[in-house]
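Here it is: the structure, laid out below.
Chains here go by letter, A, B, C and D, matching the order in which they are written, and residues are numbered from 1 within each.
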């Protein structure tokens, strides 16, 4: 694990490598990263990761929203002693950065979430594992070792399976439950539909179900004997359009882990979250993959933060650069979650690719802060920003 | 006909087809649909459908206007029981979606409006048949069967023909008359002019005239013996630049069918509509095909809705995605009409193409609503939107 | 000359030609027109016409400014009786459209201004002849015949030549003097500079000087014996950076023709114009060819109109479509002047090309008005516009 | 050196060259200049000059900010007597233009800063030499001759070296010290990182260190015997993240030369500058090369000017055209500094290339002023601008 001041050291490491004739084999800029991923991944897998809902308008707006704010750097402050660390719901983090839950990473790279967990763990960056992972939460936990991890819950419509997921997550050392709200069912995603590609239907991304005792108990035959039957069972338990605020009390009583709600965009939903006794909020529109036309997350953030009172608010969807993270934090986010960047990193370089993307992001974040005169997250607030004219 | 909850089932149908090795042969995204149509249609026909007036600025602005509003989805509502149905002027509709009148569909596909009527009927979606159709209203009615249908009237400058059109529409089971206001004559359309292509002059798109007793009575010879004479008669009766508000009383007395005025953009014209005793308004700029530089329909909508009082207001021009429909309804439209999307669907796949486009749109609309926490049209109002920053 | 209601007849003419197998050989849209001009003109001539000052930012903004306003068409008005005619400073015009002065048209087409004068005259559209024409004002007057014409004055720094120009213009039937203010000297124009192409230095565009008695009187040898000497003399008399408001009184006393000032962008300059006793103002930034970064003409128009009191205000720079003309008139312009469109028309088709561009523009203007419910210029005011959101 | 009224003479020179068959071999527009530089420079060198930090968003915004203001030219003023001269901190300048410090110009062209100094000197335009130059300040001074020059200080973390730099600059005739504030260390620059290219590590751009007695005193072996040791020493003394406002008093006492602070973006930092007794401020974001997401310099300028009281404020980052300079001056800048333009000029044409870029810029500036009715810098204020609508 890197020490707290060494994120920017990745810069030196790269330049010094150049002296020895070694250049980064992995792309540095996000544009190059996406282009390379498009080249090396299967069209279906690339489309699945890169695509969004409908016209992909919200996906684009997520990026655009960050252009609406400008950092006003301050000069001549001693920025030698940098500490990006923070603590959210008892989790000590070296930087306000997490890996967002992304499903089915097995289609991106053979090592899938195992590689991601290893990369994240090596840097001490928390990984939020998706219910829809290609590997079981237990296998990922083992790969992560002591690495910090939260479990993202796609709350199935079967209570026993839901309960089993939460228990297994607790047992496997996941230290919080992130309940995704914005997928009562899958959205209209043209890229996937054009290829008629839904990985889950081929058994990809349902490892947590296949390995679940409650899920298996409901099968007539074991998954390996009747894979189609298992998939059809998954089809029947995955969507949960009847889930409402009331049901959160069941989960609240079920676990003593912190619970975060992911997908909040309206301040009234933030207020409702307080009522339910959950512990945190993630402002997200699922990377523009659910409601096309939905508000960009950075645009939604300030009102949600104001409504959320003492609950910590995190943000994902559209974070690409260190400056994006600084802006989100200045507008009230306690941390940001990366999604597509690390998925593409996985695609182009496996564990090393994820680590490269993460180290690059952390280096850029630390440098952006230092060059803006900021050495602690507590110094980042609305006063460092101006709206773009 | 699909049941009220099954629109989104098209998504499953496509994905399950993928398991059997079958992918959609028809484009999913609008961009792909337009590209495919450009490929398979004749340049003249594609230009006729795809083109607009002048610099096509209004055509582009129609799309842009939808980008000026953002949906703020709500979470954790029970969205399992969805009902998109509505009733407009006595017409029960499974969803707030209609097919806009588009003329001369015979140049797009050999089956023209017949294919469209069959596709719309199979889904219970109302079809507004254009006066300028390639098939007679009677033939289209037969193709539509029990399918709901309205008749769009290009009010000819000859009263007897106008009266005959209305009577025939009544007899053929069209349940409303949609009077198009914005074509007292054709606009300056560079794509058509460059090709010197006006389909009507070759006898395309004037079936309703050629088959009309009042029209034929004015010909010296039957159309099949003297086609040129028939076209010239059409040229003399089509434009109607002297039509004014006063003449609507004639039509009002002529028919007991509901009358809608299509092409209203100014609130004062909505107020005038109330005075005339018509029953509804369609905010439209003819898909940007008449006044280049005209206000985008979504921009015009709120003021027209406010001025229209109890009259139902519908909207067309620029609707491409489910999110577009949700935004239009949130700003006061009772329904939206699709134009180019289904015409391109017809071009690339005939009746199946139209049905594919419609099912895709309806699935996306239902999913956009559900994922935004909305299960009834009555829940969609201005409060679900934020203006784009 | 066309009758007042026949502008839109060009549309029918084109479509009917299509029936006989004849399509317009000349481009209809401005984009196509410019593309064709680029193809057929020499790179130097095309660059000279198409280019602007500096980064060409103002040139682009001139077009963009028209996008900032939207027409709100009105329906069901009797638009059969259209009259676009107007009178400006005693000049009866069939439409609020003139041909802006463009210099050196001989590099665009062998017939240069003679072809333009003939085309304009055939339609009764006034032509403002440039001092920097490739043909003398007398030759152009003869080509124009009874066609209406104004003379644009690049006021030379030699008073006798200036006086001679004005006298000759009077004698040749030019009915107003348009004093260009914004060219005390030529701007920094990268396209011309890159080709080191200034046509005047090769004797192009100085016909009015070479044929001028006062100019010739100052030459040691006649131009045909010593062309270089004539050019050098031109170089010495053309720039006039010392010209100030005070000097206008000299011109005012010199001629009884109406005087218009072209190039006014600031309302204080409009007020100054009133003081000097001139008769009209043309808001212009020379098509973005002089001050790069200058305000777009349509943006400058309202304040100038307000300051100009009773003086008629015209506008050029950026007018491309009928809708542009309607917007300019709605914001207070009495007429618009076309520049590049007709110059490109000349390049691609000589006299026929100019006429084609003019007839297309007039047809589109008439149709835009009629389809917006407008039949007289007096009905066009600020109330028909909404600002773009 | 050019006289004060002759900047625009470059225009005539080019056009007259055209008569003799000679066209500019060097690009006129910035777009062409950059394209040519990309062609002739090594990819690494071009990337180093052309690239910015992170997503290069601030780099683009620097240009965009100038589009937010429009010049409103005034007519009929006597603009024959132009004087662009100014005096800043005792330095008489023929125009409000300087050459910004750009490091490592040896990778751009073999003659590096020597060529730049010669070109600037030949026009009397001040050159701000970078600490990170490829040539020593003494060699550059010799090349500059009587040419005006300031020295830009990257304040090393070693006080003796810093003191030595300042003394040497004084001795070599540099008449001001420009302290760069925004590089306590290098930013995250994807183009350089992708190529693992940091020129300093190969000994490029550290001439001022290698030739410095204080620096050499700290080496175990002379640089030519142990170049790697020298580079490593540079690595250890260059970054200075502990530099704070307090340390400026040391410099203030150390030299009687005027001191300017470069990199101020926040008005509070301008106020702090007043307190420290420095003499001037340069609003800069290092050409978008340090904090990606930082405010554009022109957007930051007005508030800094207001806060800076009597201190002269200069601006760099994004200045490309004469209009840009006029706008910056109108918003309070006393002068602008050019960076990439002259670096690309150096790349494509050495000393001649720099001179060409400078002469072009000065000609365009003078012409933009004259054509806007302005003959003195004192006439340029906020009243000549309108915000873009």
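As a convention for this text, a residue touches a chain if its C-beta (ideal position, glycine included) is under 8 Å from a C-beta of that chain, and two chains touch if they have at least 3 such contacts.
Small disclaimer: the values here were computed from a predicted structure and weren't measured.
S.K.: What's the rotation angle, in degrees and to the nearest 5, for a C-alpha fit of chain A onto chain B?
M.R.: In degrees, rounded to 5: 90.
S.K.: What whole-number Å value describes the gap between the mean CA coordinates of chain C and chain D?
M.R.: So the centroids are 42 Å from each other.
S.K.: Any idea how many Å lie between the Cα centroids of chain B and chain D?
M.R.: The mean C-alpha positions of chain B and chain D differ by 59 Å.
S.K.: Give me the residues of chain A that touch two or more other chains.
M.R.: Counting only residues that touch two or more other chains, chain A contributes none.
S.K.: Specify the contact topology among the chains shown, as one of line, ring, star, complete or other.
M.R.: Contact map by chain: ring.
S.K.: Considering only the defined contacts, which chain A positions touch chain B in the complex?
M.R.: 54-55, 57, 61, 65, 68, 181-188, 190-198, 201-202, 241-245, 248, 261, 263-266, 268-269, 272, 285, 290-296, 299-300
S.K.: So in the complex, which bits of chain D are touching chain C?
M.R.: 8, 11, 14-19, 22-24, 27-30, 32, 66-67, 69-80, 320-324, 326-327, 360, 363-364, 367-368, 370-372, 386, 388-389
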